[in-house]
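Letters A, B, C, D and E name the chains as they come in the text, with residue numbers starting at 1 for each one.
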Amino acid sequence: MMQVFAEVLRRDLRVGMRQASDWLNPLVFFLMVVALVPLAVSPAPERLQAMAAGIVWIAALLAVLLAMDGLFRSDFDDGSLEQLLLTPAPLSLLVLAKVLAHWLQTGLTLVLVAPVAALLLNLPVAAIPVLCLTLLIGTLTMSLVTAIGAALTVGLRRGGVLVPLISLPLHIPVLIFATAAVQTAMSGLPVSGFLALLAAFLVLALLFAPLAAAAALRLSLSGG
Amino acid sequence: MMTLLRKLWAVIEPTVSPRNFHDLAGRLLPWFAWPAAVLLLLGLVWGLAIAPPDYQQGNSYRIIFIHVPSASLAMGGYLMLAACAVISLVWKVKTADMVARAVAPAGAVFCFLALITGALWGKPTWGTYWVWDARLTSMLILLFLYMGVIALQHAFDEVAQGGKAAAILALVGVVNLPIIKYSVEWWNTLHQGSTFRITERPTMPPEMYLPLLVMFFGLWCLFVAVVLMRSRHIIVQRERRTRWVRELIAEGRA
Amino acid sequence: MLELQHLDAWRDDRCLYRDLTVTLPAGAVLQVAGVNGAGKTTLLHTVAGLRAPDAGRVCWRGVDRRDDPEAMQRDLLFLGHLPGLKASLSVQENLRFLAACRGLRLPAALLDRALERVGLAGCEDAPVAQLSAGQRRRVALARLFTEPVPLWVLDEPFTAIDRDGVAAIETWVADHAEAGGSVLLTTHHALSLRCPLAQLTLQRRVDDDMLADDDGALP
Amino acid sequence: MMQVFAEVLRRDLRVGMRQASDWLNPLVFFLMVVALVPLAVSPAPERLQAMAAGIVWIAALLAVLLAMDGLFRSDFDDGSLEQLLLTPAPLSLLVLAKVLAHWLQTGLTLVLVAPVAALLLNLPVAAIPVLCLTLLIGTLTMSLVTAIGAALTVGLRRGGVLVPLISLPLHIPVLIFATAAVQTAMSGLPVSGFLALLAAFLVLALLFAPLAAAAALRLSLSGG
Amino acid sequence: MLELQHLDAWRDDRCLYRDLTVTLPAGAVLQVAGVNGAGKTTLLHTVAGLRAPDAGRVCWRGVDRRDDPEAMQRDLLFLGHLPGLKASLSVQENLRFLAACRGLRLPAALLDRALERVGLAGCEDAPVAQLSAGQRRRVALARLFTEPVPLWVLDEPFTAIDRDGVAAIETWVADHAEAGGSVLLTTHHALSLRCPLAQLTLQRRVDDDMLADDDGALP
């Protein structure tokens, strides 16, 4: 059973490697949204600094949402999903493997470039580790939750914007606590309370999201 | 646990076929529609014309007569949606999906109403239409959830599939309800804390809370009546190819 | 042994088949026939486990599939309208992955033999994206050899396959049946098999009898 | 020839009507991005006001980008695009019809809800007409330009984030002048110069984008 | 009259066919045959105008298609692997739209007749999303009657079509040829036509001769 988990993980990572755009695009999208803000809002350093945490987090959230849209779609289009559903291993495990592979390629890389974005927006260097930590926990949580939306809409021709619609409300708590953590860090106060809360969200998502997404997948496919 | 569920099911089962529910809803409908009409008329006249102005807020407080029932209906409606979701996912009852389709838009409308009335009330009391505090935000999330559920219900070519997809989302979204309810206690908010408790006497003067109570029950009756009516409509629509609906239509009763 | 008992299938409010009861013993081949839109794909999806039956049950070796879904899944290979391959992976990677999902290791010799049988010897490292329609189907068909299971469920396996390919597949089906396996397939071709072939023809019924009863279950 | 233009327009509008999600989703996405800002950045009214123009415009830009992604994709997936390419009418005309139908369903509706977004962010009422006007001109320009990117990537399975990537740089001038116009209007100065510039961009896009997109489409399809 | 002159086709560095010269006069039916991956679809795409030939030219009525692309486009109907229908529109809306793209109005009588011929009478208002694989192909085939043109280019038109349907299509092809039209088609079925049938078989050539020459031109 663990073997199937590892196989799916390996395959998805390999497919991702082959199509560099898979993991490169969300990254560039993220950096672009961040870069648009000084252009559209104001290039004044102190105003940027005040917005930095929020903007980076919104950009990350949107990047995750968009990238996740394709999580099951390409497998659906070429019939692989059908075959995955028919393997004897529990489907929620496979979903978890897919989400993990996807997160390694998008969420994790986001965390790696987040410092660049933070510097672009003038975020104090002291707050950057906290920003990265919240992104590390938060993007995984968001990926898991978005997987539910992606699974629900996989059979639809144009689910593109339906996924954000469905999953965004569920991301708002993560967003609020994560940005609060960064802002607290900017004023030098301890943030462990926020981080504990984010970790709790992650645990919840790890427990329930794969189950819900698996149920949604079965449903989406049975109509075909 | 399982046997308990089965026993419960044995009680519910006979009433939940679309046909029986259609009849049942038809019989229940007047029991909600008439009280709704009477209570709302009474409540509006009492609340708007008879109840005295508030010593602090003047007449603007009268929004409360719409605002509070709407807010509770928005949450209650979502709870109903979740209940329908469980019934349709666990027991595979077709009727539950039809009722959910009736509840969702009605709940969304009341959610919207609560937001609008709240915003309008905010201007005179807090000096602004909108603030981003916990209760207001979580209520906005509830509206988004309603919209997501409705979008999913209509997104699929096959009706039953859309119903199940929406049910899964409705269940996931239930986490938002306690957040709305307890946000005023968990966070410091601009918004009023709870004043009504089932166990305590309200702190409001009776000439204000009595009309509020009337409006509250009036709007709940209205909500149920609308849901019953729409469910009947949806049932007939969905079951139009069945023999019993054809007979119904032939008799001119649908 | 596969038993379908009292199966119903509904699409929206239309009944595709009703009270369908069929037994497929080991060593038998059953062709599901019917005009376009009769419900063949729907039936095969139900057997494969992609769609729950609207009524009735699917039994494998005497056990209801709902009681032990994995047992049936392990013994069944379904090839549908889509080949189920990742275009960016090579033929070999695809086949190895699919086998691994069943917990099987693919020795190189077995893989080579399978590819040779489907006429793709030497293509193991070509990415699937660069294959033609028929070549992709052939890769999917190679799974019949890389994942040996008793029950084959094949939805129009001859699509896009050339004439020699069709003859080859017919031989494999007969071989599989003779070796004690079962095959459930749909096709509009006239099959010429060495072994006995059962046929099940789905009618398109639009009569009044097919109207929904009021039983309250989700369709 | 005009008849084919009208037919394509009519068909796309009709398809849009059937799938309400097509035009509803970008709208909701737009409102959501706007709503995220106060949550993530700061709910203080005066700070929101300062950011309002920029945020509304970034949200509109992202909504247009994402919605446009599907412009040719669904036609590609079901083979309609192949058939459109084979009609005797000039392809650029058909592209123009498709973009126009799409804009009527997304851009125009965005303009209609923009006032709500503006109020949420505390934008002064006096600046709202200018905001709507810039959006009216700007979203059409952006739709036309994005069509080129969408056409280039239509043959790729997962163009999702590639389209923004390709067309974003071309939108930056529009973004800068539009937000400048709104900010100028907020301080009560005349904005006709900015508007004239935006109109000029629109004319350029109308002339060249359909041609470029048509060429890109031919290119994308011949590889299949 | 369709003339293909000295056509080449390359995929990456592999040659599919080279110096292919064929003439298809009015009233003729040409079946392109070949094993999977031989290049049939590539050839049909080239004729339909979806792909430019890597060398050589396509002439229609004696004029090179590059000199007057619209003339050929007007006279040609291509049905490929995908049906080219919008799933959310009804059968009727789809057919009317496709005809309108050619500047044709569809009178109701003509539409009804076409649908009846493809066995979908009464389905004109069903959304295409609710049709089975074969039913969708049939809607696409109805275009042969709603858009009367002299040259039919059909890539595996029998895919997913049931046996009666195959016989019907064969009759249409023969009728079309007898009325002076031309048909270019691929299929792995053995055709049984009333009219004479020309065959062009593409070989899979992997010989040394086919390796890319070093002539500096992009393949």
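One rule holds in what follows: contacts are C-beta pairs under 8 Å (C-beta built on N, C-alpha and C of every residue); 3 or more make two chains touch, one makes a residue touch a chain.
This structure is a prediction, so every number in the text was calculated from the model and none was measured.
> Going by the stated contact rule, which chains contact subunit B and subunit C alike?
Expected: A, E.
> Give the label of the chain whose average Cα location is farthest from that of subunit A.
It is E.
> Which chain's centre, taken as the mean of its Cα atoms, is farthest from the centre of subunit D?
Farthest by centroid: C.
> Kindly indicate the chain pair that has more C-beta pairs in contact than all others.
Highest contact count belongs to chains A-D.
> Measuring from the mean C-alpha position of subunit A to the mean C-alpha position of subunit D, what distance in angstrom results?
Between these chains, centre-to-centre, one finds 25 Å.
> If you average the Cα atoms of subunit A and of subunit E to get two centres, how far apart are those centres in Å?
45
> Just give me the whole-number Å value for how far the CA centre of subunit B lies from that of subunit D.
The mean C-alpha positions of subunit B and subunit D differ by 36 Å.
> Of all the residues in subunit B, which ones touch at least 2 other chains?
137, 144, 147, 151, 155, 157-158, 164
> Scan subunit E for residues touching two or more other chains and write them down.
81, 87-88, 130
> Two-or-more-chain contact residues of subunit A, please, as numbers and ranges.
If we look for residues of subunit A contacting two or more partner chains, we find 19, 74, 77, 157, 162, 165, 168, 172, 176, 222.
> Given the complex with subunit A, which residues does subunit B contribute to the contact?
For this pair, the touching residues of subunit B are 137, 141, 144-145, 147-148, 151-152, 155-158, 161, 164-165, 168-169, 171-173, 175-176, 179.
> Quick check: in the complex, which residue numbers of subunit B touch subunit E?
So the residues of subunit B in touch with subunit E come to 157.
> In the complex of these two chains, what residues of subunit A are touching subunit C?
3-4, 7-8, 11, 14-15, 18-19, 74-75, 77-80, 82-89, 221-222, 224
> Going by the contact rule at the top, pick out the subunit C residues touching subunit E in the complex.
It is residues 11-12, 34-38, 41, 81, 119, 130-135, 137-138, 156, 158-166, 188, 190 of subunit C that touch subunit E.
> So in the complex, which bits of subunit D are touching subunit A?
Against subunit A, subunit D makes touches at 19, 21-22, 25-26, 28-29, 32-33, 36-37, 39-42, 47, 50-51, 53-55, 57-58, 61-62, 66-67, 69-70, 74, 77, 156-158, 160-162, 164-165, 168, 172, 175-176, 179.
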